[in-house]
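Two complexes are shown next, each including chain A; its partner changes from chain B in the first to chain C in the second.
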Partner chain A sequence: MDKLNLSKHISSQFNEEIEQVRNHVMAMGGLIERQLFDALEAIANSDSELAQQVIQNDLKVNDWELQIDQECTRIIAKRQPAASDLRLIMAILKTIADLERIGDETRRIAKVALESFNSAQQDLLVNLDNLGRHVGQMLHDVLDAFARMDVEAALTVHKEDKKVDREYESITRQLMTYMIEDPRSIPKIMNVLWSARSLERIGDRCKNLSEYIIFFVKGKVVRHSSEETLEKEARS
Partner chain B sequence: MDKLNLSKHISSQFNEEIEQVRNHVMAMGGLIERQLFDALEAIANSDSELAQQVIQNDLKVNDWELQIDQECTRIIAKRQPAASDLRLIMAILKTIADLERIGDETRRIAKVALESFNSAQQDLLVNLDNLGRHVGQMLHDVLDAFARMDVEAALTVHKEDKKVDREYESITRQLMTYMIEDPRSIPKIMNVLWSARSLERIGDRCKNLSEYIIFFVKGKVVRHSSEETLEKEARS
Partner chain C sequence: MTAEFIAKLDVQDLSLKFADKTVLQHINLRIPEHKITAFIGPSGCGKSSLLRSFNRMNELLEDTQTTGEVLLDGKNIYHSEIEVAELRRRVGIVFQKPNPFPHSVYENVAFGLRLQGIKQARQLDELVESALRKAALWDEVRDRLHDSAVNLSGGQQQRLVIARAIAIEPEVLLLDEPASALDPISTLKIEELMYDLKQHYTLVIVTHNMQQAARVSDYTAFLNMGQLIEFDETNKMFTDPSQRATEDYITGRFG
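Showing the complex of A and B:
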């Protein structure tokens, strides 16, 4: 906390409000991390009950987004924050929008667990699981970077997305080959493909989240920048 | 304009700033509408040059998002808007985030025009084009509703998304049937499927845009609400 210099506010109540909204973002992030983990578990164990639970829990994710959005709007209206306070609120508003979309993707992924797969198809799911664990680690790391507003950790997550993209492309090729060999499996395998795509999108969104951290700490918008520009700005 | 009661501000410069940012959102929206239209034209005419142009122009969409985002942040910091002014700024921030993502999807759609298709496959593209025109109309209508802050028009767009979803599902089934019959076409047809998915997502985002209009005019958050609740709130 000291790192963020939140203690500088004259009003201690303002401090508390900002602190609370940050805690709520962490709670929302924690819930989504668990959701992603549960969705992967549900697929690995063909656990349709757990999958249904993930689908249901997405409503809680949505509730968090609405609540934190309102908290931020109230702080803007009441406290008229400027400079880094305003930047934090703006970063949080963008963060929760991306987190909510990660929740949507996770709900879609969980639906794969409602299908039944034969043993050859089960083998294909192993790679989906690996991709899922990889993306889950990115999500964990970026939430951790957010908690500490750690630019270096955010940069690491940002770079990781390229690896996720390559892993996704390799899975896509593998699934397409399988479909060509066994065309009757197409409708079922398509669902696995959509899930892989959802995981790849979650990776993209983790990259977005890392950009909001850099924006808050450095006061520079690095969205749509090249990897080199981003690194330079983040370390300036 | 009068409808929005923007003339009530004591500072006429504040009026001008808000007016300018609204005009910029319309310009950004107009660019994206043209992008989507061009992407569909490029696919229909196998025009890879036009497709490349759409892909290039997405950078302009990104620039608009960054610019309008900064304009909004500056207004919040300088003018400390409250009540409906703040709501408008918040609605605009969410609107440009969704518009930028519509731009991303459009860029992905344009890439289909870089493939070459045989005549049987060309027939499949007709349905993609129909879905594209439908979604393009939704985008046009929601931007129009935004310009006039027209809640009824926003509600109409919101309802339209269900039809787009059904059209998307029908195309998906048709494409999967084709892939089962001609497995060698899978990699190529997959690209058409991704495009159909992108169009369906643009429909979802137009629905989001309509919710921000209702939020601004009615002061009520209707995201994640049922269709019935939304309609009740919008007309209350």
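Showing the complex of A and C:
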């Protein structure tokens, strides 16, 4: 791991604090990845128990955010991190805020599993599942890139978001067509539409996470820049 | 201030006067065992005097008057039956300016051991090496043990002085601005050393450098004008102090 020099401080305690906060981010990310996977499983199998569990577990996600937040505050107050250490702490603070929101979206998605659908509607859920798996892979990849602070992997995730957006648009069209044909289904299908929207938002947040990795490694702020600029900065 | 810990030192209603000048007023404070406690506060607030009251160094100055008690493992060190020399063996001190004796590196550490009656060369060698290792200096001086200590760098001299202090196995180590004459890297080495030492000793450090207190200590006491304003875990003191005066001091708003 130590191409990043995170454990090269004279103060071994500082090394431990940084190591710990990074491990906690990974643990939080791992939990959220599991949550998203469970939410999709719950929808695919109409498993309302699993869905309830996902909704419950979101409290754990929130606890992680509070804890990591506090750890970062202490590091800033006690260590006055500079340069790459400061960028790491800033990147972590932003990362956990986005992860917490991904947690909220996941909880929303799980709620779809609490509804009952007829067989025609079940077919629509297959497309939602595909979108979900795609986004889940993005989340997995970006967390992996965070663990290794791998800029190339972060760039790959960043580009993936375009495909997710297109997939989302196609699902939206399909759901709208269905609602036009069967207006009584609108309340139910709206929920499906909202969870497709949630998945699309998770994709956006994964994109944010990849930008924080580039910020940490390269020291360049690449938020709100064009795809070309971003790529240029990341590879500079 | 409801910290739960075993107190190595227990300061009870301690007041100190130099001639007519009141230096410390009714200090009540418990110093946790095997932790690092930092004293911070503006110049003249009494933090060094408080530190020196822990091994009765203030008595070396003329016309001082101490009231109240300081309990070391529950026994008042100001009791008439306490032997001051033995107290100072148990409670060692390191000052701001490294003050090695003008002898070899080896002799600096062996000095206190000889005073304790250890004469065997082999035993001395072992104890000197062990103290130098604990002070994270051994690797730098192992080949020049018989060179003069004065030739070491400032940071090395300070670690040598710490080795000298811990060679005689004190229980408490007082550090009065131990790093303020050192460069930033030597400072970090001393801080890392303190972190290692707290497993075996109770450390109390006086520092002008608030960031140093934040980095190195487990507990922090803030003093002002001879009074203890606040004492708490360092994590709490540097993120959310309870007293306005502490907040103002650590954020650089007064002092």
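The working rule: the second predicted complex is superposed on the first by the 236 of 236 C-alpha atoms of A that agree within 3 Å, B and C clash if a C-alpha of one lies under 4 Å from a C-alpha of the other, contacts with A are read in each partner's own complex, and residues count from 1 in each chain.
As a convention for this text, contacts are C-beta pairs under 8 Å (C-beta built on N, C-alpha and C of every residue); 3 or more make two chains touch, one makes a residue touch a chain.
Remember, it's a predicted structure, so these values are computed and weren't measured experimentally.
By the touch criterion defined above, A:Ala77 lies against chain B and chain C together after alignment on the C-alpha atoms of chain A. When the two structures are aligned on the shared chain, A:Ala44 is found in touch with neither chain B nor chain C. With both structures placed on the common chain, the touch criterion links A:Arg184 to chain B but leaves chain C unconnected. Ranking chain B and chain C by residues of chain A touched puts B first.
In the overlay built on the shared chain, the residue A:Ala147 is in contact with neither chain B nor chain C. Touch criterion met: A:Asp69 reaches chain B, while chain C stays clear of it. Using the contact criterion defined above for the overlaid structures, shared-chain residue A:Ser12 touches chain C, although it does not reach chain B.
Under the contact criterion defined above, the residues of chain A that touch both chain B in one complex and chain C in the other are 73, 77, 80. In the complex of the two chains, the chain B residues touching chain A come out as 59, 62-63, 65-66, 69-70, 73, 76-77, 80, 82-83, 86, 90, 93-94, 97, 176, 179-181, 183-184, 186-187, 190, 193-194, 221, 223-224. The residues of chain A lying in touch with chain C in their complex are 9-14, 73-74, 77-80.
Every residue of chain C that touches chain A in the complex is listed here, in rising order: 185, 188-189, 191-192, 195, 211, 214-215, 234-235, 238-239.
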